[in-house]
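Each of the next two complexes has chain A plus one other chain: chain B in the first, chain C in the second.
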Partner chain A sequence: MQKLGEFKLPHFFNYPPYFTLQPVRDTREKQIQLWKELILDYCRTQKLFVIELEKDFPLFTNPTIERSLTHEAKDAFLSALVSDGRAEWMDKSHRKCLILWHRIQDWAELVLRYVRENGLEDSVMTVEEIRLGTESRGTELHGMDRTILMRALKLLEHKGKLAIFKGTSTDDEGVKFSLQ
Partner chain B sequence: MWLPVAQLTSNRRPVLNQGEVESCLLSSVDIVCEENPNLPPFKSGLLTLTTHRILFTPDTSSNAVAIPLEAITHIFSSKKSIKAMFASPRVRFQVTTTGEGSVDKNGSKSAVVTLVCRGKSGPDPDVFVGKLWEAWRGRAWEASSEGSGSSLAVTVDQGGSGAGVFKMPVVGVSGILRKEQEMWESTDKSLQDAFQDLNALMSKAKEMVMLAEKMRQKLLSGSTNQSSSSTDEELGTTKEEMQDWLLSVGIASPVTKEAAGALYHQQLSRQLADFVKIPIERAGGMINLIDVYCLFNRARGTELISPDDLLQACTLWEKFDVPVMLRKFDSGVMVIQNKSHSDEEVLARIKSLVLKPEALRTGVSASDAAMTLGIAPAMAKEHLLSAESKGMLCRDVSPDGFRFYISLFEEFHGDDMYIVKEYGNYAAWVAANTISFRWPFGRVGTVRAGSDGFRTVTGGTVTGPSNEPRAHAGCGLTRVGTVLACRFVRCANRRSWTRNRLVFFLVQGSKHKRPIVQG
Partner chain C sequence: MRRRPGIGGLQTAAAARDQYRLLGENVAKLRTDLMKEQLSTFRSQLEDFARKHKNDIRKNPAFRSQFHEMCAKVGVDPLASNKGFWAELLGIGDFYYELGVQIVDICLATRAHNGGLIKLEELCKILCQRRKGAREAVSEDDCLRAISKLKVLGSGFEVISVGKRKLVRSVPTELNKDHNEILEMAQAQGFVTVEEVERRLSWSSGRAIDALETLLDEGLAMIDDGHRDGRRRYWFPCVSSISSYVGAETI
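After this line comes the complex of A and B, so read on.
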């Protein structure tokens, strides 16, 4: 079976029509479904958060069969993820796409679990500490995308689980948890 | 029935005899015998005047009848009266009949036949009478019957032996000549000398018709006597050639605007339905409209029709009970097909084509399908596209071209992407694309995709030409040795075909890797 780095590719990755956006509705729906699953799977295992359409993305090219996705096809598959709530366009011109292999509320849950497991219910942390600190090492939070983390924190703030303090720069934005 | 029955084609066009040409059509005509009310009248039909007969085709599905012009002894000139102005126009002529009253050219009695013209459209009945006079005086049947003694029905006119000059009623090459002659006739009599030359030319044209007739008869006898050997390829080609010749000799008596007037498109439509039968059969049940346009006009020789006329004639088929129909594909391509033509059959053939191992690997292009189905590439593409729209195929657009594959999307699983069910097209596709080498002694080679995009195979032993191992990819090995590796590479020299090629590296006693190219 073909691999992309450590990622195991399905057999149909070598099926040339998989790389051509199908014009017939039923076929296209099935094709989009398969692409959505593959993109999410790949991003989850590779810890990828952003796909840039104008840059090479390994999944969108198959050198074995010499096929790659057209811009239109990439846009169609990512837009399908966006409408499922599993991705978000980062700009209006659809050049960058944020991939949410966990939904925002799932990320928020992960943050809460992390806080509880580390006994941080009343403490103050910077955003960067959550992302890159030693405590988060080994969890899914480690190295996560800042934009997504901020979205999850804001959701928790909205629920009254924490308060975000603005610093002078983005680096020293702080979070005060209040889970009790 | 007091009038002789006339033959019709399945599309209700009259079957014309040797050398017979249509000259005028009138619709909604009754034929009555006013002096003998015991003879049932023929009501409401299409009247076709030819050089030999007056044909009556009823609007209902009953038999057509004909009055041979030979039986006519006198044509009455129409009376101009106040009364006649309000009644339907009538044409009267006297015919010879048998004792029982049936019209017969050798009859001893005579009767007056009246044609009642109820039609509002079409040519004026006076025009019809004029044409009737012309045809009757032309005595075309004499020319035919003279020749009926020999096997060939056309004889060479000896030039001015008849009272009126007989018009050669054949279109095609001689149609041009006929036109020429008509032009000459209308000019001064002093051009008589030049006219003589034309007669000489005309006899040449007649020889051509004789040749065509000879070929046709040969063909007919060939198909009845030698039906067993008709599969013989040599005969097949000559047969086709002959048919082509015949086709280029042309349609005797094409429907023209001049002759048919307002009934033009209707009659053209019927004639076309008769004509397309053979080309459709040859094209496998479906033929491009453009091809028909070319073939039809070539068969007509002169009296060409416009694309618009053709389209109108085809559209009229909806109203008649003809075995062919016009079909428009989603892409806008128009074709003529047999009503019995089944898409299912074509789909089944396409399916078996795309399931072949070679097609599973590389897909099929429109030209591949055209070759297999024996049809034009444009038509094959239409079939492939319609199979795609039904979800049977899907497309692959790449620098290699536009190709179609059997659609496997339904067999792919999103939940577990790595599942390949043991049976089904997906499994067949995986098998066709994976080379599993099973060498004679049970050693199995493994296939790996390298980072460079090549697939490399290692392991396995090739033991001898007699036990020639065959990979699933259809590649054979003839050398003896141990396979060090083989690579699955893409042929660069033929861009239009994505054909893969295996290169084997064998260890053969020597120190060097020796590639053996297999295709």
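After this line comes the complex of A and C, so read on.
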């Protein structure tokens, strides 16, 4: 089986027609389904959050069979993820796409678990501390995308689990948890 | 002096006829009895054989296929009914019904990829993978038998021959001669181009495109525009192993 680094590629990745957007509806739906799963899987294992359509992305080219996805095909697969709620376009011209291998509410759950496991139920942290601090090392939160983290935090703020405030001394935003 | 016909003569003739008839009946009865005896001997021998080789029949696909052949020659169908001696003795009916169900399952699971047409080899391979836990090995012959039993459901399961290969069809698509020829051609590389079809089969381009479009609509073909030479390739997942790999993962 072909591999991309440590990532095991599925068999369809070596079958040339999967790189051409299929004209027949049933066939295309199955094709899109397989690509959606592959993209989410790959981003999850590689901790990738953003796909830029105009830049090289290892998943969209298979040198072994000399096939690459056309722009149209990439757009179709990512748009399908968007309509599933597993991705979001970051601009109107569909150049950058945010991949949500965890949905926002799942990321929020992970934040809550992290807070409870570290006894931070009513402490104050900066957003960068959550993303890059020593406590989050080894958890899925470590190194996560800031945009996604902010969205998860805003969701929790909405639920009354925390308050986000602008820091006075730094540019970074602060978070006051109130879980008790 | 000439004897005139009399009642005595008639009676004698009738009696003789009766005698002949009785004798004939006796002979016929003897023969039938003998026949019946032979048949029952044969049947009990076949049963003895089956009992003696029960394990071989269940476990060894080659042996099983030979046993089936022998039964067919003497007009016994161990699969004819799930009830009765054969099923009880060998559990052979259940075995094939089980295979049948699994075959239907596999055909459905891979249909999105291969359009409902799958190589017998591939089907058998996936079947073996799925049955890894089961003791009995499964041969292509067993698949064919199980599929032939599926026919009574009228669900359109059928085995078709394309070139040297056997394909199992699980959709009621009617493949005509043109389609078959294209599939046969595709077995070499897994794909064909319009130009190749025209050249090798000496068809007009309309005929080639028409046949390929139908195969595309039926979900049996996929297009590939990614090759350097810019020629559109029509791939046929049903003749390349990749199709069932894709399907097998989702089962």
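Note that in this section the second predicted complex is superposed on the first by the 176 of 180 C-alpha atoms of A that agree within 3 Å, B and C clash if a C-alpha of one lies under 4 Å from a C-alpha of the other, contacts with A are read in each partner's own complex, and residues count from 1 in each chain.
We adopt the following convention: a contact is a pair of C-beta atoms (placed from the backbone, for glycine too) under 8 Å apart; a residue touches a chain by one contact, two chains touch by 3 or more.
These figures come from a predicted structure and were not determined experimentally.
Taken together in the superposed arrangement on chain A, chain B and chain C clash. In the superposition on chain A, A:F12 makes contact with both chain B and chain C. By the touch criterion defined above, A:G143 lies against neither chain B nor chain C after alignment on the C-alpha atoms of chain A. In the superposition on chain A, A:P58 makes contact with neither chain B nor chain C. Contacts of A:D26 after superposition on the shared chain: both chain B and chain C are touched. Within the superposed three-chain model, A:E66 lies in touch with chain B and with chain C [touch as defined at top]. Here chain B and chain C are compared by how many residues of chain A each touches, and B touches more.
Clashing C-alpha atoms with chain B appear in just one stretch of chain C from the list 41-49, 77-85 or 203-211: 203-211. Under the contact criterion defined above, the residues of chain A that touch both chain B in one complex and chain C in the other are 10-12, 14-17, 19-20, 22-24, 26-27, 30, 34, 66-67.
Remark: chain C residues 112-113, 115, 191, 216-217, 219, 222-228, 233, 235, 237, 240, 242, 245-246, 249 touch chain A in the complex. Of all residues in chain A, those touching chain B in their complex are 1-3, 8, 10-12, 14-17, 19-20, 22-24, 26-27, 30-31, 33-34, 36-38, 41, 63-64, 66-67.
Touching chain A in their complex are the following residues of chain B: 363, 388-389, 391, 394-400, 403, 405, 407-410, 412, 414-415, 417-418, 420, 426, 429-430, 433, 449, 453, 455, 490.
Those residues of chain A lying in contact with chain C across their complex are 10-12, 14-20, 22-24, 26-27, 29-30, 34, 66-68.
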